[in-house]
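Chain lettering (A, B, C and D) follows the sequence in which the chains are written, and residue indices restart at 1 in each chain.
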Amino acid sequence: MMIAIMRRAIAVTINGKRHSNEVEPRLLLIHYLRDVLGLTGPHIGCETSICGACTVLVNGKAIKSCTMFAVQANGADVLTIEGLASDGNLHPIQNAFWEEHGAQCGYCTPGMIMASKQLLDRNASPTEEEIRHGLEGNLCRCTGYQHIVNAVKSAAAKMGA
Amino acid sequence: MIAHPFDYLTPKSLPEALLLLADPDAKALAGGMSLIPMMKLRLAAPAKLVDLRGVPGLTSISEESGRLKIGALATHFDIESSRLVRAKCPLLAMAAAHIGDVQVRNMGTIGGSIAHADPAADYPAALQALEATISIAGVGGTRAVSAAEFFVDTFTTAVGPGELVVEVSVPVEAAGTGTSYQKCLQPASGFAIVGVAARLQAVSGNISMARIGVTGLSGCSFRANGVEALLESGSDPQAAAAAIANGIDANSDIHASAEYRLHLARVYAAKAIRAALAAAR
Amino acid sequence: MASVITEQEKLIGKGIKRKEDPRLITGTATYVDDMQLPGMHHACIVRSPYAAANIKSIDIKAALETPGVVAVYTGAAVKDVGPVPCGASLPGLRVPHHHILAQDRVYFVGHPVAVVVATDRYIARDGADLVEVDYDVLPAVADPEKALADGAPAVHPQWPDNVAFNFHQENGEVEKVFAEAEVVVKQRITSQRLIPSSMETRAVLAEYRSGEKALTIYSSSQIPHLLRTLVAGMLGVPEHKLRVVVPEVGGGFGSKLNVYAEEALMGWIAMKTGKPVKWIESRRENFLTTIHGRGHVDYYEIAAKKDGTITGIRLKLIQDLGAYHQLLTPAIPTLSVLMMPGLYRCQTICADIVGVFTNCVPTDAYRGAGRPEATHGIERMVDMLAAELKMDAAELRLKNFIQPGEFPFASATGLTYDSGDYAKPLKKALDIVNYMGLREQQRKARAEGRWMGIGMSTYGEICAFGPSPATPAGGWESASVRIEPSGKITVHTGVSPHGQGEETTFSQIVADELGVDFNDVVVLHGDTAIVQYGIGTFGSRGTAVGGTALYFALQELKAKIKRFGAMLLDTDSVVYEEGRCACRKTGNSVSLAEIAGASYRAMKLPPGTEPGMMATYFWEPPNFTFPFGAHIVVTEVDKETGVVTIQRYVAVDDCGKILNPLIVAGQVHGGVAQGIGQSLYEHGIYDDNGQLLTGEFMDYAIPKITMMPWIESEHTETPSPVNPLGVKGVGEAGTIGCSPAVVNSVVDALSPLGVRHLDMPLSPEKIWKVLQGGQA
Amino acid sequence: MKVTGSHLVPLDRARVYSMLQDPEVLAACMPGCEKLEKSGEDSYTMKMKMALAAISGQFDGKVSITDQNPPGSFRLLVEGTSKIGFMKGGGLLTLTTEGDATCVAYEGDVQVGGTLAAVGQRLIDATSKMMIKRFFEKLIAVQP
């Protein structure tokens, strides 16, 4: 079963910085980010593409980076939780998660925040139902989600203001 | 979590892709939403992955002589958010919006989904009701098959070895057509326990055309011809919906027994028919 | 709304935003898998696909030949390590020897059989596929009642009856009370197996420095110090040569209140290979091999007078233990027995537990640990009694509550309830929902043919574990406070928070007690090389016991501060206020930083006083605390599909004094979510052959954001006299209060159909069958 | 997971019965069967390649036939193990004459373990039905 597979050269722009590496085709994007580049903000919480802890934005779209091979991201622009704050200022969504106690153990939080970003990018003032629909792909076992809903509402209000 | 090693190929044209897929150890990769989880669990172990995303022209959504042509690599998000699809074929947009979650819809493609032919996927119900045509390309050329012919059995389609779904064509809905997709979802996976797509033409409540597509209920999506005939002959929606389960060997699992699934099919068929009727007005 | 606190004001009781969060919201926190050590190897474990089988042979040749594979070990190599410890002791308890890798037989699906060590995680996984294990499959049993039946396969051949222990407790004249009872209600009630599902799975990284003979284990755990003591014993490493570090932990819910085979195994591999080795549990492994919760079959009887006075409670409890005892497995059902009278005055109880081995992963502490099962039982029984007597469920509860003047109250099970006013939260909840109005609405709904239900639960908890004599490894907690020469403050706590926010609440306590800036306090935990011995975070004890230890350390420190202050001010009468020591006579004052600096320079010392500014306190709680509350749930059942919708969820919890309402709300919401999970969605299902049918998030539904109702969370505050902070604990309240309220509500909705009980989860199909007139 | 059903085979009962005991016929009809070798009285070892959608796996297995009661009934047990898990299917096959044809009714149990069981719960029923259907389609096709 062991076959020698050529490694592939990839170039990916991550949080505004270009990275070039040679990777095995089977290397998952999440492992590329975490193990190769040391961007350990996105987490791994399952293996069936359910939990969303590994959510990052690829070319502006939220995806589960455990369900994408790094080679598929060749040439793409990737944004992870580490790239969300700019010039040392927290993004309004990060601030809202802090203010509203949207995180407990924090494991789902980076994915949850990135999914929230996608949600607010597409809908600047979502209703509670739209918030819940938009975060359906992210599991949290700690918060019961209520403070997360509050955080997204609050971020929307601040970003719209 | 970790797939078997594979080689990764990136064709730049359709003929090149088809050439690569002629290798029986090669598997096409579109969005990967069905394939990659299987590979991570090592249930699937293709030796070669042929990434189709570099093949030009497979993502477009356009209108052409009364039909919408959806490229196989259009994502579920492209479809649910496309103004064209929402305006001219809302049933397809509605089915797309029911798939998985935001992240899955951002990556998953219509071609990949239907080629996988999961018995509980959402598109097949809509495509059956829409009498969609699916274009399948092979080295010998491209052929078109109807949705009814396309979905053969559990995980089995009309796509032959080395072939590729390249386009899905659906009708532009005529005035007076109402459609709806109603889904009872399994709370863990989000797959349909049953999903029913209804597509009706009605004038002042009289149904002149009925197309009902069903997913999740049995091993393969299907058209509920019995229900359609009843609706077209003036039967009331509730009574017609009740016929959906006739002669069906329903699936059974820990989430729903066959008996309950059959019941849900009747309930969701009635919901879909009522919603489609309301939309037709 | 939270705000950043800079000016000096009392912080206790305010919704201060958390100190922990900046690292969590920026993705810069460090969980075990975020760590990489030089030369680190990765381990992948080969596990049994069968629930019961003899291992005929294991062929590791192909795996070993894989480039990058460093070593492969099987049971033979680690025969002398261990066993995985059981910390609970019960008379006559049968304890199977729990090796860290299977020896000649496997006992449950997921049982570790071999481990592959490789230079990277991908190669380790490849290697694991190449280990060939030849099994001789044996019959298995996965259901505890079937395991007790004659002729059932023996999980452990040496104990053919599958009984691990029997436990009996009674109080009062049970036979007489039941014989003379005017009403007796009986019901079989199950609490299904649940899968804790912390979002971070288990994770272990071990490093051995041969020169120092020092082993460090990084693990995602709730109990760093206990883990150190027990793993040191398993590996034969002197305890002071083992350091356990618990970095950021992505949730535990009791599942990491344990010592697992893999923690010792990674330590052993690191010593054997001389290289660091990391093992990250996959989600599939987490479902199969991390402890499950619940697993009860309870046979209840409740005796009462016609006026509703509860006179006796009898329980036969069958506990599905799984194949082994993990750390506290057999102790969990005994907590159910302790809690069985609930908030009621009844003094006559009788309980019999039979602990049963099955070919499943062990059960152990999962959020609430024994108390949700007990609360579910008594609160269901009270509702059934109310129905039997045609009394209102709230009225029956109010009639039987222990009254405020009766505290401390000696319960029938030997506990001393600390304080309470049980009617208060119930009345508050009834007011919030407008109970009479709701009943009227229900009458109308029923007239329209809609199945609307109103359900309540009034729960009590045993929290703040606990007095040491009642806790297997000690129930005290420790804290040390150090004021650095610059005046900055470092707290070391023996608890191990992993989402509960004690870095924040403990900073609030310090800020208020010492009158210092909240931001000048750092709370450290989870490293046995840094922190004095501690017990850990579980059983709603972190703040109630750990916070109290901190409080007492602060009192000692304040006395020392005053001694230095008096010396510096050259007076014999000082007060310490708002971070300064002042002379009562002259009004002259010195700051805490000046005092701290002087204490370290030690040019001069107060009589009989050591240099430095540090205090350590080990606090032994005199009792548990007993939080309580009332939850009311309004549901509607869809007649066509059987789907239950929660229309309103009101929780009024009394967790004693509230230190941080924002954090308390978060704990309640999360607890309720897990209660709703159990009530409506979650069920760890094994088939008859011991295969876990709900083995991934594809089949096991923990609540998603779309499945949660809005929770209206309110409180009453009855301080606990057990500790000076007056706190009781809130980590488990939501879970304990939730499930009976939801089930009572749905049973209430369906009561016109003659439904009197439903077992969880209330799946649509189950309800639909009831609506069809079938059996629940 | 219980599986029950029946298929009509347009041959007489004795013929169908003997075909179903014939290893060559079984090998030709069992989906994915690559090799079937006699290992004892009415028992065989088998190599089988399962390919279903993206799922693929190489199974080593056993086939055994017991409780023969010709031409009316027998028990068939098929089991296979692979890296992706194991499958075990067994049950009673009852043959009854229906006109010129034979109705083969089956009533049995399908068990799946290992990784297959992790993701396959909702698919076991549909998949086993499909495999059985394919078996009978081939059985009808192989008749001389």
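Keep this in mind: a residue touches a chain if its C-beta (ideal position, glycine included) is under 8 Å from a C-beta of that chain, and two chains touch if they have at least 3 such contacts.
Just so it is clear, the model here is predicted, and its values are computed rather than measured.
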Chain D and chain B - chains in contact with each: C
Pair exhibiting more inter-chain C-beta contacts, A-C or C-D: A-C
Most centrally placed chain, judged by C-alpha centres: C
Interchain centroid distance [CA atoms averaged], chain A/chain B, Å: 28
Geometric centre distance via CA averages, chain D-chain C, whole Å: 47
Per-residue multi-chain contacts in chain A, two or more chains: 1-2, 24, 26, 44, 47-48, 50, 135-136, 138
Multi-partner residues of chain C (each touching 2 or more other chains): 121-122, 126, 129, 282, 284, 693-694, 696-699, 704
Multi-chain contact residues (two or more partners), chain D: 83, 115, 118-119, 121-122
Chains that touch, pairwise: A-B, A-C, B-C, B-D, C-D
Chain C residues within the chain A interface of the complex: 1-2, 15, 17-18, 20-31, 33-34, 36, 66, 121-122, 126, 129-130, 197-201, 248-251, 253, 280, 282-284, 498-501, 662-663, 665-666, 668-674, 696-698, 702-706, 708, 710-711, 734
Residue numbers on chain A that touch chain C, as the complex places them: 1-2, 24, 26-27, 31, 34-35, 38-48, 50-51, 53, 80-82, 84-85, 90, 94, 97-101, 103-110, 113, 131-133, 135-136, 138-149
Complex contacts: residues of chain C adjacent to chain D: 49-50, 109, 129, 284, 287, 687, 689, 691-696, 698-699
Chain C residues touching chain B - in the complex, by the definition given at the top: 121-122, 125-126, 129, 282, 284, 640-641, 681, 685, 693-694, 697-701, 704, 707, 764-765, 768-769
Touch list for chain B against partner chain C, complex: 1-2, 4-5, 41-42, 184, 186-189, 254-257, 260, 263-264, 267
